[in-house]
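A short worksheet on the structure shown next.
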Amino acid sequence: MSLLELQDVTASYGQGRVLHGISLSLAEHGATGILGANGAGKTTTLRAISGTVRTTGRILFDGRDISGLGPDRTARLGIAHVPEGRGTMAQLTVRDNLLVGAYQRRDRRQIATDVDYCLDLFPQLQARTGSPAAALSGGEQQMLAVARAFMAKPRLMLLDEASLGLAPSTARTVYDAIRRLRSETGLSMLVVEQNAVLAFSLVDDVTVLETGRVTVEGTASELMGMDSVRRAYLGG
Amino acid sequence: MSYFVQLVVDGLATGSVYGALALAIVLVNRSTGMINFSQGALAVLSTFVAYAVVQAGAPLLLGLLVAVAFAVVLGAFVERVVVRRFEGGDANTAVVATIGLLVLVSGIAGAIWSYDPRPFPSLFPNATLGLGGVFVSVRSIGTTVVIVAVMVLLQLLFRFTKLGLAMRAVADNPSSAALSGLPVSRLLMIGWGIAAGLGAVAGVLVAPQLFISPTMLDFTLVYALAAAILGGLDSPLGAVVAGWFIGVVENLAGAYVDVIGNDLKIAVPFAAMIVILALRPQGLFGRRTVVRV
Amino acid sequence: MPAFLTAGRLRAAAVAVVAVVLVLLPLVSSPYVNYQVTTMAVFAVALLGLNVVMGYAGQVSLGQSAFVGIGAYVAGYGTLNGWPVLLSFVVACLLPAVVGMLVALAAARLRGLALAMVTIALPIVGTPVAKRLSDVTGGSQGLTVSWLEPPSWVALADDQWRYYVVVLIALGVFLLTRNLVRGRVGRSFAIVRDNEAVALSMGISPYRTKVLAFTLASTIGGASGFLYLAVVQYTSPETLSFGTSINLVVAMVIGGTGSLVGAVLGAVYYVLVPVLAGQLDASRTALLSGAVLLLVLFVLPGGLVSLPRRVHQLLTARRRRSATTPPGAPDGQAGTPALTSDGVAP
Amino acid sequence: MKSLQHPRRLSSAVALFGVCALLVTGCTRDTGTTGGGTEGGAAAASPGITDTTVSLGISSPLSGATAGPGTCSVAGLNSYLEAKNAAGGFAFGDGKTRQVTLTYLDDAYDPAKAVANFRQLVNQGMFAYVGALGTPTNAAVMPIANQQEVPQVLLMAGAGEFSADQAANPWTSGFVPTYSTEGAAFGKLLVDANQPITVATLAQNDDYGSGYLDGFTAAIEGSQVRVVDSATYEPTDTSVDGQVTQLAASGADVLLSAVSVTPLQVGVLTKAQSLGWKPRVFLPSNTSTPATVLQPGGAAAYPDVYTPAFAKTPASPAFANDPDVQEYTKAFEQYGTSITKTYTPHCAWSYAEGAVLGEAFATMEEPTRESFMTALRGISGFTAPLLLPGITIDTTKEDQAAVSSVNLVRYNGTGYEPVQGY
């Protein structure tokens, strides 16, 4: 059984429908990338899963229909969403941000261990644990956002445009750490990424969205071989 | 010299009144990110509940407890039923909604209890302590002590408890807080509830001096807002210290500077506030946040 | 929709109807109605000014009543000292403009609530200052003036003459403000309101823009004060009280923030609601107006100006919901996206 | 931009609707200017009066900080008028008996609203505007009332301007003693003691406080009484402790505390004694109620507390068996408590004011505003209910309100008793 299963999901903001019935599934420990042009519905797909947008259709997580649960409930079920634009608590310190991530957990000792793990994963944060998130650089904020999401000990991480607005080298650093996180914890991931090179370095499978519909699906290596995909997302 | 000290002591006593309400404003701001103009009106309505309990023959302490319980429920109810509609929307609309609440709640209190101020019993004995020619009422000392205690409790709540951390996170970034599994709507209700409960304490503390009436805290609210902002909006310590600062500066300026006099003394704390905010936009005790893009 | 009913023509027709009604109204209605409509024009001007700084430039101002008060005092002082009306009007606009600019120069670097607090100081400090300057202001007794009576060659009653003068000036302010917010200045306001960093990158100084917005708002506020005196024939420190400022902000939001028509609707609300509350129960006016205020905001968070849009929205939403929402979709979900700042726009 | 035009167009319609609503609630020009009809009267009747009814109007602060006195100024008057209506109505000098209707509106102490209310009442056909409370609100109405020749009478405001110049404002008159009358009464008491006395004054920073001080200083001129220190406060202040501390440093023999805000007056009394300063205290008539000011303020600690009085305090045990008070209480419970539930002296004052209106009605010979004003300006030696013995209504004096004299009384720990001198 797959960990996450979307069946004919639509989503709309107010009057405009953005997703027109998409279906996809993700295996436990798997990682799928979602590619597509601006406005194709990538971000909305993640929002549909975490419950921050109105949807129809079925969204099954671990066999349970979670559609319409709302972000806090889905988070408590084990879905950690790293939103586009980072989504850290600007006034809170780095350490407090991490502790907010662990809000639903009660295993105090393990939390401390996980904080250390995050700081090991992102050594740039180590010296900044006492400063407010707003004082961090863009790359550090992105690292913090990923670390905050990990602190919830999720089974699925939704990663939205983690490289957005970062210098190429910084983006690579962030993705290196996420790759390490995936390999060391076996965390399942659904990754939305403009930078297909980075995405392909992290995921096993790829889904391509166009105007709210799934148009192509396959493994990363299959899609790498497709001319249309190479032209559209890999610059040749 | 004792005249000077007496003026300072009087200013501190008045400042404690400002600080009491400012604490509630800080609490709402820190737990929901909003400014609540109806804070005073909610406090007054709760204080009227205490008044009704006392009128029915019960001791004031019981009245205070009932009022705080009532206020917590009222605050949570108001957040759930009224304020939620405006959270995340246009900030001006949310502020005006709290002004609407202010008018409505004062109107309700006025319809039930009329507008003329009524005497209100004090938690503390009506006595005065004298030391070296300086006099201070037990009531003022009591008020100040309670406010400092509340301030410390709030500081502890925000600094060292999981609830406090969660409330700060929700106020800071509700969407990310929700994505981290925080029960945002419940936390907002809790924030408003606690703030309203705190407002009830403030109301019961200051009612003996101001007399209870629906408009009891209307003008205090302006001072309390000034204190809260001068103190840095997210700092309970700042709110109380700024309240004292305003009370003392006002008194001294009124008494010693003839040009200012008692009519224009209110200008002095405001002028000081503009200068301080120009130098430290985050307020006296607020945390500086440098936003980097 | 038939071809001849284009939006432009409908609008022109609506404008024409409004114009005809505005011209004919004072001739057929009672002095009381004329007075009330004239009062609406006065507060519409005050709200236009407030809208420039709050609605268009996005800077909170809780001090607009101070500028209305200064304008009224200048007009009163001018009249009592035999100034020509035009001079009174010009000074009634200029003095508040200077005060507003000085305050803005000192405060425009502040943001949000700190700025709001500085603007609160204007009415709070202004009230005792007005009392102190009793030689000019008449102290707490205020200034009573009797002016703007119809000249002998006009066959109009006082109320009709004042109506035409005030509504005409208000209309002029409306058109000037309209040109302003639609022009280059208005665009710079919008950019500063939305993102100061972007403004800087485009060579727009947020500081100078804010100072300009405050200055314009106080100028218009002064004009409104001049009109206030023309209508009420009296001013006192109560005119510039903090309560008036708060009520103006309320009326602006109720009318519709960042909308010129909204300013007019806000003024209608400002004048009508106390009258209606008084008709219902004069000893419960606070309760009634608070309830009305919340009710309007609940139904129309975008203000009265959004009523047509809202009706349209509700109609289509109902159609939509019956078509697409699955049974059992949790009700609480409707509120969640609004809470997420990044969930607003797709 | 097209999409925006749609709402804008409809919004104009909404605005139009508002105007139309006003048009419907108001009257049109043709009907607004003519008044009620009359048969048989020689002069055409003024608006608002018929052979069986007369309509009065009042605008006072019924919400907000001054609503306590504001509601009382309506409630007491309403009680008198309605009780009298129920007993058959008012006998008029033209031989008719009329029922009086009182329409009251809330101005929240805002002059612009007071003017709007006044115009609305006139528009609805009000005969006379009576007993309104508030200086700025009445000052704003005064020129309009006089221009439109609508009586604006028996005002519940002690500013001198409403009684000062009858030639300039023939349609305006005050009811309660002017503030300077009260201040002068204090001055006279001190001067009569014929000894050097030092005085400290605390006054509200407006016409109320300055009226007091003006009356007081005029009365003590050339005597041995000296003002050694003075302070002011704003009615919006939350505390006057600083001022009292400042005045206490003067150690004056007498404190004249022209404070109109009840909690602040209590603050004055508690603060001065807590500083060990116990002068003789002079309180104004509207903040000297034993139950709400003197007992909470611990006034018994002072050697003497004086206040000017002209009306009985209904709640005072001393007047429990007074027939006036019993009648008042009965009427107030029936017709006043729906307007306010708290007592300020204005409740009793406006009740007495109702009787003065009745007296004017009884002597007015024609159903016109002119005749009403003539009658109202010609009352002297009238004993209105609730007035203290020796206080009578006299409207014939230039420069004075209808109540132009006060009795100084002294607090005896429970109630008031006549003063035997300083």
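As written, the chains take the letters A, B, C and D, and residue 1 is the first residue of each chain.
Operating definition for what follows: a residue touches a chain if its C-beta (ideal position, glycine included) is under 8 Å from a C-beta of that chain, and two chains touch if they have at least 3 such contacts.
Treat the numbers as computed from the prediction; the structure is a model and nothing was measured.
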item	value
Top chain pair, ranked by number of contacting C-beta pairs	C-D
Far-end chain from chain B, centres as C-alpha averages	A
Distance from chain D to chain C - Cα centre to Cα centre, in angstrom	34
Gap in Å, rounded to a whole number, between the CA centres of chain D and chain A	71
Rounded Å distance, chain A centre to chain B centre (Cα mean)	42
Centroid distance [mean C-alpha coordinates] between chain C and chain A, Å	46
Chain A, residues touching no fewer than two other chains	52, 70-71, 83, 87
Touching two or more other chains - residue numbers and ranges from chain B	106-107, 110, 173, 175, 178, 184, 263, 266, 293
Multi-partner residues of chain C (at least 2 other chains)	128, 131, 283, 285-286, 332, 336, 340, 342-343
In the complex with chain D, residue positions of chain C that touch it	7-8, 10-11, 14-15, 17-18, 21, 25, 27-33, 35-37, 39, 127-128, 131, 139-142, 144, 146, 228, 232-239, 243-244, 256, 261-262, 264-265, 268, 271-272, 274-275, 277-279, 282-283, 285-286, 304-309
Sites on chain C touched by chain B in the complex	54, 60, 106-107, 109-111, 113-114, 117-118, 120-121, 124-125, 128-129, 131-132, 197, 242, 246, 249-250, 253-254, 257, 283-291, 293-294, 297-298, 301-302, 332, 335-336, 338-344
Contacting residues of chain D [partner chain C, same complex]	2, 5-16, 18-19, 21-23, 25-29, 31-32, 62-64, 71, 74, 104-106, 108-113, 115-117, 119-120, 122-123, 135-136, 139-140, 142-144, 147, 159, 161, 205-207, 210, 234, 236, 338-340
Complex contact set, residues of chain D against chain B	62-65, 67-72, 205, 231-234, 236-239, 241-243, 245-246, 249, 261-263, 266-267, 270, 274-276, 292, 295-296, 298, 340-344
In the complex with chain A, residue positions of chain B that touch it	162, 165-166, 168-169, 172-173, 175-184, 234, 287, 289-293
